[in-house]
Amino acid sequence: MMTQILTVLAFLLMALGVWGLMSRRHLIRIIIGFSLLDTGVHLLLVAFGYRSGGTAPILSDGIGVSGLVSGAVDPIPSALVLTAIVIGLAVTALMLSFAVRMYARTRSIYIDKNKELKW
Amino acid sequence: MVSPVVLIAASLGFAFLYPLVERLGERAATRIALLVLAAFAGTTAGWTVSLIGSGVALTADTAGFVAPLSIQLQVTAVDALAMTVVTLLALAALVQLTERATDRWHGKQVVLFFVLLLGSYGLIMTRDLFNVFVFMEISGISVFGLLSTSRDGRVFEAGFKYMVASGLASVFFLIGTAFVYRSVGSLSIADITAAAPVALASPVGVMGLLFLVTGILIELKPAPANGWAIDTYQAADPGIGALLSAVNATAMVFVLVRVMPILAGASPVFVPLVLIAGAGAFLIPQAQALLQESFKRMLGYSSVAQIGLVVLAIVIPAAGVPFAGVALAVPLVLLLNHAVAKATLFWIADATGDDASGFGGSLPASLRGRPALLVVAAIAVLALLGLPPFPGFWAKWSLVMGLAAGGHIGLLVVVLLGSLLEVVYLGRWLIMRMRHVDDDATVVSQRIPADFAESRADAVSGAASGASDASGAAAGAIPVGATVSLGLATLLMAGASVAALLGSGVGMPVLIVLIGVAAFAVLDVLRIPLRLQAIVAIAGLSWWGVSAVSGAALTLQSGFVLLFVGGAVVQLVALLARPGRRAGLVALIVGMVLSLAALTAATSPLEVFVAWELMTLTSFFLVVRGRFAAAASVRYLTFSLASALLMLAAFSLATAANPAFGTGGGVIGTLTTSVPWAAVLLALSVLIKLGAIGLHIWLPSSYAEAEDEVSSLASSVLSKAGILLLFLGAGSFAAPLFAGVALNQVLGWIGVITALAGGMMALFQEDIKYTLAYSSMSQLGYMVLAFALMSHLGWVTALYLAVNHLLFKGMLFLAVAGIVMRTGTRLMYQMGGLIKRMPFSFVSVLVGIIAVSGVPPLAGFGGKWLLYTALIEQGWYLQAALALFSSGIAFLYLFRLIHSMFLGQRKTHHDTVTEAPAAVLIPQFVFLVIIIAISMFPNLLIKPLQTIVEPAFASSVRWEGYTVISSLGYWNGNAVMYVVIGVFLAPLLWLLAVKGRTYRVEQFNIVFAAERPHTPQSTHYAYNFYGHYQKAFGRLLDPWVERFWSGVSATAGTVSQTLRAWNTGNPQTYALQILLYLFLTYLVARGGL
Amino acid sequence: MILAMLITFGVMMLVAALVALYSRDIVTAIVASGVVSLLASVLYVLFGAPDVAMTEAAIGSALTTVVFLFAWSRIRSIASRDDSTNGEVR
Amino acid sequence: MFKRLFSLVLVVALAAAFFPLFATIGDRGDVSPLAESYLADAPDALGSANLVTSVIVTYRGLDTLGEVTVLFAASAGVSLVFSRLGSSSDGRRPVQNHAPSELVVTGAGLLLPLIFVFGVFIFVHGHLTPGGGFQGGVVIASGVLLALLAGTLTELSHGMLSVLEMLSGAGYVAVGLLGLWLAGGFLDPRFLPTGEIGSLFSGGAIPVIYSLVGIKVGAELSGVIDAMRRRRVVE
Amino acid sequence: MTQMILTKALYTVISLAVITNYALILIGTMARIRAKVQGRVGQPFYQPYIDIVKSNAKRTSISHGVMFFLGPVFRLAGGLGTYLFIPAIFGSVIFSNFSFSGDLLLMMYFIFFGQLGMALGAGESGHPHSAIGVARGLAQMTAFELPFVLSVVALAAQYGTLSITEIVAAQQGGFTHWAAFTNPLAMIAGMIAFLGMSGANPFSVVVAPQEIPIGPPTEMQSSFLGMLQTNRAIFNGAKMVLFMNLFWGGAAHENLLVAILIMVVKTFLIYLYVTIVGASFPRFKTEQSIRFFLGVPTVIGIAAVVLQMV
């Protein structure tokens, strides 16, 4: 149930992100749409790593190795999401900097005014 | 061996430390960077050498744990080879980028360059799905960072689009990875592959893989969802363009290679899916590129198309097509071939600093003044087009063969069509680059306007007065970096070509051709004058031809060797008349002759095809040398390569149906296919080369606009290649097509209509070389007609006509060459009255036209007699009548030719022209003597021809002395000669006896009521000589074919325009397209709605 | 309990996302997108991924928002330099 | 407008097409075999309490190296993107920010050392508690941000930043290579003793690596922020 | 051998003498007949002899160059050759000429020989009218060539040979065997083509006196003109003999004189046909005659050929 809800939430967030990316004309909002899409994917990964009633995969005094094996969530998706988040930031930063340069050139923040290259 | 992981660590470490290194100074730092890259290249090359053939892979697990636990890196021989090429290209790229005139790369740019390279290494080596994602992002982000180095401000817009697209692709990939991990529980590609048939066959697994593969495909920039990539190519620094298509794309392809086994294992739906994607990605951009005005954008389209082809090639083995050799050989060779060639073109764009594609606008500064750059550009374009001797050729051959063998006829069509489109736009660029500075590249209007346009004629006279080729504006010098990198890439391509040649097993003839060309190219480099080169070529070719033919039995092949080599050697003498140097001329002629000889020696379809392509190439470069040949050579290249592609299709279909196809070797009719379509395609291919009606529009302009000596060679020698191929493929053409109509009957009609149409068009030309070119077309039509008879007499006729045509067309073209050299014009109405100034040329032309028109007693009549006898014998009456009619037409244009040049009133400014140089006259008179000899003794020629034909057909004529007797009639050439001499001498003596006193009068002393009503220039009745004929035929003479092909090209343009409009430039549209792409793949995977 | 929290936060996230896409003011939008990330990090904690939660909170919500705001302020500064007539920003 | 409509249709169609796929993913009680082997073996093998850290730094260390590289490339990229913006403009004096308030300046002075210490704490304890190099790096970067806002640091010292970035990056690679030569493979942290689980000096070189990552990420993010924030230079 | 050659030479001279004189008289007669039809007195029938003698008797001549000089020679050689490759009288050794050295194809191509030579000579004269005449002549020639060729091909198909002698042989045995009656379509096409070949009205635009005085030979005078006049006779004779052979059963009789008489009658009738047509029609423009020949006669010729194919 938990997984399912999170997956659907992730799905909706991705759909919203894609919709924002495709329907908004403002560059900043497009990038926001992108980060929503990213967040959705991250949620999806975390959901996939979840096990019912799972705990954090951290060894502490209360939980021994056997407790980890029987009760901890999958650490791999966490690791993947961590990487993905950082990469997402990198992409967002670059996109924003490009958006600034686009604005500096065309003096318009709207995406459909920024299409000199075509065909 | 060095561990693969060290390469990653080293490139990354160097990238991190580069700011420190730069403290040593910018120059020193780049030098060190180059050294590091060289070390990388050494490492990867070392891997290649030790891994190739060993079958093992170099594996490195990270973190001290084995594969599923940790990330594994692996290098196979294929990977190592690809990495070597990528590293070498990166090295060349870095030289180019750090040593160019403007915008030299330094600091962070070099750092990002190394990061990009690292990303590519990682993509190739990693065997972990999520790690692929990381390296994809590394490559992507470093590219985005580097994009900002372009001077073009639009690059940010393009980069933004790129980021949106690649962001979506990453998301798809990540979702796919998530699903795959959820289903399989591992990220190691080996594990996933093993588990795929079970764990991923579920709907969830397939959908996950769908996301994964869509992500990868989008990263490969597939049409029709690739407008963002194209925009980026256009706006980016060409150096980045080179990196993108040579380094980044090459590495990305490996991701697909890794994932493909998973996909194929999980569901049968993925192979067709990727196949469709590859086909679309290949064909669509080729069409879109047609009308590009920006060279970089055009290259972008070409790049994505080539990657599409590679994708196609990757999937084909998975579809169950057997390949010789390594399974990945074809895509790998295509990929690396593309990488090197495309990088070269981008660097040339950078070095020359202009971004015009040759379409629309004007492409400035010709490359003629820069032979080295020209050679490099030509190599790159030819390699990209998949022409021999470059590696792509062999890959394309195997690919097409594989497609046919697998029954993928639709894909075959896609590949061939796409290749043809590529020929058009890349060829156009090359030609526009190579053209003479004076050439405005419009197709010469073949009817001269009524105002007697003189300007063009003046330009021609400039050419005739010996202007050297070096007149091309040698603009700014090429930067050092570009020189080094282009040199490196060219070396790489050359090395790969030689390796591919040696590995192909059929490389010997190619090698001989290449050595021939290279030897004379060296002479050019050594600045040996043309005359000396010609002498060397004459000696060499004669020796070679004699040694090739002597002792051999007279067969079709040896006969044609004699024809090709002999014809060329005699005509090479004419080059002695040209002082100075002409770079490449002799080399190309020798190459053409050798490739023609290779055609005769071919014993397998592949060898035939290689020789055919080489002949096409060498002759193309000969044609393009002409001063106004740009437009003509675009046509020449397009049609010639269309012909080659048709031949390729024919061969592949025939081989697919019968693997033993064409392996007989050495016998007439070797290429016997039982597949009607293959036969039709082969016939079409040959007909294009023979300029058959409807397919001829390339022929007149190419023959006419080439240099004068080349025109004669092309028309007399080269054109016979098609005839040879007809004979080689004879076995295919007799097959019934439909409703009892055999292919050869169709060929016959095409032949005779060509003969008639060629003659008709020759009638109305004002340009002497166009007249002769159309005449060649007409004569080739006769040969096709005679061949199509498929009878003894028919084939003897075809060969007889071929020999005869070689002789007289050589004479006529050379005579014209001499005249053009002296008068400086090709327009007939600007000549006139030259008989008194150039009597020897007159004699040559006179004998030539008598031989063409078939007026007894000269040899031409023999051909006519044989032809009509053969035709009537076979019951082809209407064809016979039409052939006779068109020979009357021939008489018309030939008279016009001799009249307009030599007779009538001479122009005052031609009063001082002198006879053509001896070197030009000598070959004409050699031919003349041969013509007289075979006229007197026709059995000298006909009997050997009979021996050639005998293996195929029993003789149907008999000889009584000099009389040849057929079932219908007879002809005694010897007696005719004597009778003619008799009836000629008698009146002559009579005239001499009774004429009384003869006064020679001055020019213009004509009976005009003692007046001279016209100016000297207009007294000569020559312009629009057969105007009444034109009037009589009216609209029938309209250039229908020209119009048809203009229509075709306009349609292609419209299609291109429509497809182009798809790439609207709006990032959101591009995103929409990518989503649509996802949706379509979903639909395909679901099997439609 | 956890389920209720999950659903609540989920709905809040979606609302914040809609705000980020449709609010009139760009700064509001940026902040709203930060809120989406922040809520996501809360969910990560619920799903046993504290590492991810920390990262998302630090990078996804904090740093990304800052970067957005900086970029936006840069665009504003370019616009204000242009005599604020020909640039279209909102 | 047509495009808008079409996008809507397409997004809805895609959502409808893939929704079943996402909705079928249900709860499960176990983890993948691979994860299970991590959970069972990693603590002993590496001596690190936080398994996510083990995976990130060791098992999937190459990913993390790549991740750092991505940030590095992004920071280089952003600074390249903005490097020409200033020079291409008309050279008028930039709009001056409002002077930071007293409170901010004072607060910053107090908070800054704390923030830095906190960041270092996070990445040094990455193998024990949630968090690690990235999180710590971000905290440090936020400190830098605060300093910039407060005007304590008007112009970031690029020399120092780049030296830090360079050294930590090179150090990371070097540690990885040490693993290759001294232990089992590239990025193998076990060339240092794994120690006792739960103590600060455990997990082999994991804390070292995470510290380097932390410094590098901090430097890189600071660089990004600085590049984004910096007004154009007036010539 | 020598004797054989000498005998052949003698026969040739006899054959040529007969045809030349006959053709000259015929031309003169026809001119007179035409005059009578038009209500004029006309010239005496021997006028062509007078013309030839007069031309040849000129003491001076003007030459424009070697080719000009040789043009008439070529022309006459063409006429002579054409005649000599045709067997004039079937079965006669004297009149078989040199028909053994080639068949119908040789003859048809040899016609070009004279045309070419003349055209070259006329060309070198440098007179624009000559060139115009040549252009017209050649254009018209190719046009009537097509129906002619079609009819010849139809005949060759009908008789399975290209040898003129054998074609004539096949027509022996009564007038119903003549090709004219066994293959009327070919005959019609051929006879229409013959109108063009003989250059009389309506196909006389080549010499069109009102525009380009006499066309190609404008510059020709004295002995050059004389040769052309001689050729005109021989060439016309040859063509009539050819058509007689092809369609009208040739001239064959055991008695040579009777055979010659048959030939005279038949060729006279053929020529009369040309003359009558010429007298009844105005002159065509070049493009008109081209269109004409490529129209109805060609269709008839094609029909003749197609009939042979089915």
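Order of writing sets the labels: A, B, C, D and E. Residues in every chain begin at 1.
Just so it is clear, a residue touches a chain if its C-beta (ideal position, glycine included) is under 8 Å from a C-beta of that chain, and two chains touch if they have at least 3 such contacts.
It should be emphasised that the depicted structure is a prediction, and the values quoted were computed from it without experimental measurement.
Asker: How short can a path of touching chains from chain B to chain D be, counted in steps?
Answerer: 1
Asker: What is the touch distance from chain C to chain E, in steps?
Answerer: 3
Asker: Can you name the chains that touch chain A as well as chain C?
Answerer: In this structure, the chains that contact chain C and also chain A are D.
Asker: Which chain lies at the heart of the structure, taking centres as C-alpha averages?
Answerer: Chain closest to the assembly's C-alpha mean: B.
Asker: With chain centres set to the mean of the C-alpha atoms, which chain is at the far end from chain C?
Answerer: E
Asker: For this structure, which two chains share the highest number of contact pairs?
Answerer: Pair with the most C-beta pairs in contact: B-E.
Asker: Starting from the mean Cα coordinates of chain A and chain E, work out the distance between those two points in Å.
Answerer: Between these chains, centre-to-centre, one finds 98 Å.
Asker: Using the average of all C-alpha atoms in each chain as its centre, how far is it in Å between chain C and chain D?
Answerer: 19
Asker: If you average the CA atoms of chain D and of chain E, how many Å lie between those two points?
Answerer: For chain D versus chain E, the centre distance works out to 105 Å.
Asker: With chain centres taken as the means of their Cα atoms, state the distance from chain A to chain D in Å.
Answerer: Between these chains, centre-to-centre, one finds 15 Å.
Asker: Out of chain B, which residues touch more than one other chain, so two or more?
Answerer: 130, 134, 137, 141, 144-145, 148, 156, 179, 181-182, 187, 1068, 1072, 1075
Asker: Do you know which chain A residues sit against two or more other chains?
Answerer: In chain A, residues 1-2, 18-19, 22-23, 44, 47-50, 56-58, 72-73, 76-78, 80, 82-83, 86-87, 89-91, 93-94, 96-101, 104 touch at least two other chains, as defined above.
Asker: Mark out which residues of chain C touch at least two other chains, giving numbers and ranges.
Answerer: Within chain C, the residues that touch at least two other chains are 49-52, 55, 59, 63, 67, 70-71, 74.
Asker: Write out all the pairs of touching chains, ordered by chain label.
Answerer: A-B, A-C, A-D, B-D, B-E, C-D
Asker: Can you list the residues on chain C that touch chain D in the complex?
Answerer: 49-55, 58-59, 62-63, 66-67, 70-71, 74, 77, 80-81
Asker: Provide the residue numbers of chain C that touch chain A in the complex, in ascending order.
Answerer: Answer in residue numbers: 2-3, 6-7, 10, 13-14, 17-18, 20-21, 26, 29-30, 33, 36-37, 40, 43-44, 47-52, 55-56, 59-60, 63-64, 67-68, 70-72, 74-75, 78-79, 82, 86-90.
Asker: Over in the complex, which chain B residues touch chain A? Could you list them?
Answerer: Chain B residues touching chain A: 130, 133-134, 137, 140-141, 144-145, 148, 153-154, 156-160, 163-164, 167, 170-171, 174-175, 177-179, 181-182, 187, 227, 231, 234-235, 1060-1061, 1063-1068, 1071-1072, 1075.
Asker: Can you list the residues on chain A that touch chain C in the complex?
Answerer: My answer: residues 1-2, 5-6, 9, 12-13, 16-17, 19-20, 24, 26, 28-29, 31-33, 35-36, 39, 42-43, 46-47, 49-50, 54-58, 72-73, 77-78, 81-82, 85-86, 88-89, 92-93, 96-97, 99-100, 103-104, 107-110, 113.
Asker: Can you check the complex and tell me which residues of chain B touch chain E?
Answerer: 833, 835-836, 839, 842, 846, 850, 853-856, 861, 864-865, 868-869, 872, 875, 877-878, 880-881, 884-885, 888-889, 891-892, 895-896, 898-899, 902-905, 963, 967-972, 975-976, 979-980, 983-984, 986-988, 990-991, 994-1001, 1003-1008, 1014, 1019-1022, 1025-1026, 1028-1029, 1031-1033
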